[in-house]
Amino acid sequence: MRFNPALTSVFGRKMVPMSLNVETRAPVVLPDPEPLRLIDDTGRAVPVKRRQGFELPSDERLLELYRAMVVARRWDTQVTALTRQGRLATYPSALGQEATEIGSVLALEKTDWLFPTYRDSIALMTRGINPVEILSGFRGDWHSGWDPHAHRTSTQSTPLATQALHAVGMGMAAKLRGDSVATLTFVGDGATSEGDTHEAFNFAGVWQTPTVFIIQNNQFAISVPLAKQTRARTLADRAIGYGVPGYYVDGNDAAAVHAIVTAALDRARSGDGPTIIECVTYRIEAHTNSDDPSRYRSSSDVTEWKSRDPLERLEKYLVSQKMLTDAVRESINTDAEKMAELTRDEMNAEVSHDPMELFENVYAAERPGLREQRDFLAAEIAAEAAAAVGSGVAS
Amino acid sequence: MRFNPALTSVFGRKMVPMSLNVETRAPVVLPDPEPLRLIDDTGRAVPVKRRQGFELPSDERLLELYRAMVVARRWDTQVTALTRQGRLATYPSALGQEATEIGSVLALEKTDWLFPTYRDSIALMTRGINPVEILSGFRGDWHSGWDPHAHRTSTQSTPLATQALHAVGMGMAAKLRGDSVATLTFVGDGATSEGDTHEAFNFAGVWQTPTVFIIQNNQFAISVPLAKQTRARTLADRAIGYGVPGYYVDGNDAAAVHAIVTAALDRARSGDGPTIIECVTYRIEAHTNSDDPSRYRSSSDVTEWKSRDPLERLEKYLVSQKMLTDAVRESINTDAEKMAELTRDEMNAEVSHDPMELFENVYAAERPGLREQRDFLAAEIAAEAAAAVGSGVAS
Amino acid sequence: MAGALNAALRDELAADPNVVVFGEDVGPLGGVFRVTDGLHAEFGEARVWDSPLAESGIVGTAIGMAMYGLRPVVEMQFDAFSYPAFEQIVSHVAKMRNRTRGRVTLPLVIRIPCAGGIGGVEHHSDSSEAYWTHTPGLTVVTPSNPADAYSMLREAIRSDDPVIFMEPKSRYWAKAAVELPVQTEPFDRAVVVREGTDVTLIAYGPTVKTALETADLASEEDLSVEVIDLRSLSPFDDETVGASVRKTHRAAVLHEAAQFSGYGAEVAARVTEREFYHLAAPILRITGFDIPYPSPKLEEFYLPTPERILNALGTWEWEA
Amino acid sequence: MAGALNAALRDELAADPNVVVFGEDVGPLGGVFRVTDGLHAEFGEARVWDSPLAESGIVGTAIGMAMYGLRPVVEMQFDAFSYPAFEQIVSHVAKMRNRTRGRVTLPLVIRIPCAGGIGGVEHHSDSSEAYWTHTPGLTVVTPSNPADAYSMLREAIRSDDPVIFMEPKSRYWAKAAVELPVQTEPFDRAVVVREGTDVTLIAYGPTVKTALETADLASEEDLSVEVIDLRSLSPFDDETVGASVRKTHRAAVLHEAAQFSGYGAEVAARVTEREFYHLAAPILRITGFDIPYPSPKLEEFYLPTPERILNALGTWEWEA
């Protein structure tokens, strides 16, 4: 293993336990309370002086984002439909959150690592993971379906905020090895209340790991609105407490999300440490299919947020830039339908499950006790099969 | 139980999940990066314009603080000596931190509650708890020696940061009942890294509990200096992330600590919510008697901090105000010596321990299984005693 | 059963102004299993409310409230989501009374929807009881039916000891013709829910139903099975279980949790210690395997079934 | 033993550049028990460092590092201070390999100074092993002597499974004339540390010494005691223990942790299941009481002593 030679002091900072002088610690820059927008909700580019120094991505890039968002939405809608049909045990939709999900994930290099939550299936799909591999967990085949190393994407974490620490740890490992690799993690607004979010922010700050935190503020933690999670002005303000740059971003503006996440990942890979980015968006669907949002929010809220749709906004802009020709639209729709069809086909196909796999991969080492249990189950299944044959139940 | 009628909405805030408009959340006030001082280290009153709006406590109050600090230091030194003599299993000294400890605790009303750590013995002594009751835990008699309800003082928490949540919970209970009771808790600089500190700050912010958090930044967590706990400019900066007022205070200035904690407690009791106060001080002694600070800090650091002694500073000021006459000095020293003597006597006295108490108070309800174990131990002890008599070992 | 729990909370909230209910989604939503349905509307924000999303925070603040004289009832959304609160539960909830020589009483209830069998994705079907039963200072109880759910939850709220109240998720939708309020046995008593003479099945929570089904199946084969519902896991009712084993001479304990170091080990060890010379055969443990709880499509292979239990009983040496 | 552990860490750090050591006070101070003494100076800040004070953070970041190919060795300062990391350990460390169908390996070691007997104040003498042994996916081992400490720690670091490495605090100062490096039995093997014919004492970690002292005392009374040091708590070596019990027909298991639902229950239950017809008497558990670990002045009444163990053996019915 190579160790980064610049790391004789990994932590970069002089230790100054003696000093009351605050100059020796990181300077304070409060996040701008005006959410960063590059394209406003009418689809117009925001004037340069209100762009907080960020540049609008190129039209080509924006078209790419748009394409991915359309595919993602079609896909998400398809998966929700499959869930209603009983093909999945559960599905947490990200409908309405496409700008944050896609804007972030398309900023990643192949060599970077992503640490997602259950909410971020469309990000995984966009990152190139096979739909059925993403959905096998929600269908109930196996906890997680893809090879994290192949896609540099960890599993979709269910215990809230825990994955943020994994992202920091891996960032630290990459830093120790001198690799130019960044890690990115999504954290929900609700999950920011967990102790692990704090510990992740703090470890990242102290160790200056190449980690980008996307606080995906979709305004709800199941039924609980943001006002019951924090009294802070913004969640991005928390960055101050870690000496880490924080940004407050319109999470329905893919251009803004993409620009800022790209910049943060660049900073991370260049050794300039972590960034905390709050993207404000809205969960249009229920928390999952088993949730009933009518118990805690009015449909007029949803309607209002639908009018701030991230796809429409980008579409308007691209139309105004004459990027969205009929041919392009058609090719995008074809892509989207193809992905939906592929997913339908795969999710409708019968899958077989091998109960013997239950005993695999609990440990790397062989365990006699576990082997006994496996043999027990194998014998039980064999006996049942034999009995079924005997009694003529099965053919 | 009375419920506070004003509490139809306990949480005070309108829920505004819809809005991107930051005005609807709490405003941001960054802690002043210049530590609040009311008396500077040469013992002179700081000019009014640099007092951040706080008033210097009255000379009488300052003398009271001074008296308590002298007694506390004498006592702390005595306890350290007793520990060296083997009378205590361990003792975490607060030598050098008297301004923060005493300045805070003397701001409490009798009806307020204190949630201390293992470090805060002198605060407990100042609050009026009997020395032997404080020290019985460190001597090893029983985990905690006093009645928390009698002194409105919880046990000295060892699992770091956990007590901060208890303080918030009790504050919430008082608020729900409509009682004008504040809770105050000490949290070490190291302990601020724990998830529980974050959760406590956040719950206090959202629930607007009457809780004052004193971050007692004595620069070390055992051997680990502050620079390895946070990259923030100050720990007080964390307050921003909770929409809670934060203050950065010279923790060796008893006047400043007392003024600000008094104000924060008043705010708390009046329903204006929590405050986070960082007091910067220095741990002069080892972490505990079993620690060896020469492994991680130079004695010149300690010497330098000794020159910023909180007692000397206040003494100089009081002398300049002609408050410290010889008679007063003598009475203070007499108080201090009396307390030291009382403690020596009590700690040198033999204590008897009843092993049968082990089984008491594990549960409020009787448990047959536990009764069996108690009977077993009683029989064992009786048999040993009988054997000892039989063999003539005991008289 | 969810309805019975809801009624118990409502009746305690009405009976004692010190009772408060808070946690994640327990307010307007009524909890993800609707156990707190309607309570927020009925008792208001000062008695029933949604907290920030942080389990250590929920339990830690409940401790402070209990110290002040309230009787908080908090919910951990699923077993696995109680783990962030582990330190507060083990180091404080369990120890505060003992630490303070009885001066501080912590009358709080931690409700945990537990175990599996509902097709839940990862982390939604854990069985955490052994972690709690091994922790002195905690009382751990679990109802298996609506009447007990109601009666035991009210008893838990009135208890001066902190109670871990485990609610088997697969029984939430269980219905029973039971008139509320109802008072069943005190919760430290196990109950013989079906009498038998040949074998004692020791069950609790979700496995009581399985045990009863096993008894039905066994009776077809002329095997008379006695079923005990433990109800309280800590304390353990040695008397009731001992009496049954002395009668049947054979026992098996059932649970969903992994076997190794699980609660069944305690049952087997202590009953064997006490009744060794009454036992005709070793006490069997028919439990989950020593693997992480499986995903929905495979859980049927993991959970003890009546057939598996009967087969296991068949492995004993039986005199002709 | 602290020295042997230190040497094991040093030798692994030297042998494998992927090994990193971090935690609270493990840097310049060398850990509160000096197990990491000198390593920071020798290997530098990029291999051995002090982390922020947060156990969930320590374990959580170690997971990310292990996913990247490092082999982190982290320290929890005392048993009770591992509890904030409980969720990361139970929900991730234990499950990541299984969750990912073997695609993600987590080679990490969580060192925990464990158990009591050192006059520690509250929270400094817990025995947490049963929490870990009940969690499928974890390997849990504990050495009782310097040679094993060295050999087992190196094996733990080289293991591709995450290992909970429990270091009995009361043995840190144990000396033994052992030449390092030393390689003892693989850690999934229990070892008969003293042969005997009448009774098997099953011990681990701190109680191995107690068991050996008991054997000495027993020999004065013509009772021949065999002592087994389990070394690994999970997996459990059924073979070695079974063979001993089939020979002696009587066994007792010793530990410091509370008895109820403790690790001894698993030992008693599984050995009874397997060797029932070889047992002349029930397996005894001689353990801590079901109370919070006592304060220093009372711990002598809590901890199993050779006398208590001998007395307990005397309660069995013995044929003349």
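By written order: A, B, C and D. Residues from 1 in each chain.
Everything below uses one rule, namely that a contact is a pair of C-beta atoms (placed from the backbone, for glycine too) under 8 Å apart; a residue touches a chain by one contact, two chains touch by 3 or more.
Owing to the predicted nature of the structure, the values given are computational and were not obtained by experimental measurement.
J.: Any chance you could name the chains that touch chain A and chain D both?
T.: The common neighbours are B, C.
J.: Tell me which has more C-beta contacts between its two chains, B-D or B-C.
T.: B-C
J.: Any idea how many Å lie between the Cα centroids of chain A and chain C?
T.: The mean C-alpha positions of chain A and chain C differ by 36 Å.
J.: What is the distance in Å between the mean C-alpha positions of chain B and chain C?
T.: Here the centre of chain C sits 39 Å away from the centre of chain B.
J.: Centroid from C-alpha atoms only, then distance chain C to chain D, rounded to Å. What do you get?
T.: 30
J.: At least two other chains touched by the same residue of chain A: list those residues.
T.: 11, 142-143, 159, 193-196, 199, 202, 206, 228-230, 357, 362, 369
J.: Can you list the residues of chain D that touch 2 or more other chains?
T.: 51-52, 54, 56-57, 80, 83-84, 87, 91, 95, 98-99, 122-123, 136-137, 236, 260, 289-292
J.: Would you identify the shape of the chain contact graph, picking one of line, ring, star, complete or other?
T.: Graph shape, chains as nodes and touching pairs as edges: complete.
J.: Going by the contact rule at the top, pick out the chain B residues touching chain A in the complex.
T.: Residues of chain B touching chain A: 11, 13-18, 20, 22, 25-28, 30, 33-35, 193-199, 202, 205-206, 208, 219-220, 225-235, 237-244, 248, 250, 280, 297, 301, 304-305.
J.: In the complex formed with chain B, which residues of chain D make contact?
T.: These residues of chain D touch chain B: 24-25, 27-30, 32, 50-57, 80-81, 83-84, 119-124, 260, 289-292, 294-298, 301-302, 307-308, 311.
J.: Could you please specify the touching residues of chain B with respect to chain C in the complex?
T.: So the residues of chain B in touch with chain C come to 1, 3-4, 7-11, 115, 142-144, 147-149, 154-155, 159, 162, 164-174, 176-177, 183, 195-196, 199-200, 202-203, 206, 357, 360-365, 367-369.
J.: Quick one: which bits of chain C touch chain D in the complex? Just the residue numbers, please.
T.: Checking each residue of chain C against chain D gives 56, 80, 83-84, 86-87, 90-91, 94-95, 98-99, 122-123, 130-131, 133-137, 234, 236, 257-258, 260-266, 268-270, 272-273, 276, 279, 281-285, 289-292.
J.: If we count contacts the way the header does, which residues on chain D are in touch with chain A in the complex?
T.: 17-18, 20, 44-46, 49, 51-52, 54, 56-57, 59-70, 72, 84, 87-88, 91-92, 95-105, 136-137, 139, 159-161, 188, 235-236, 238-239
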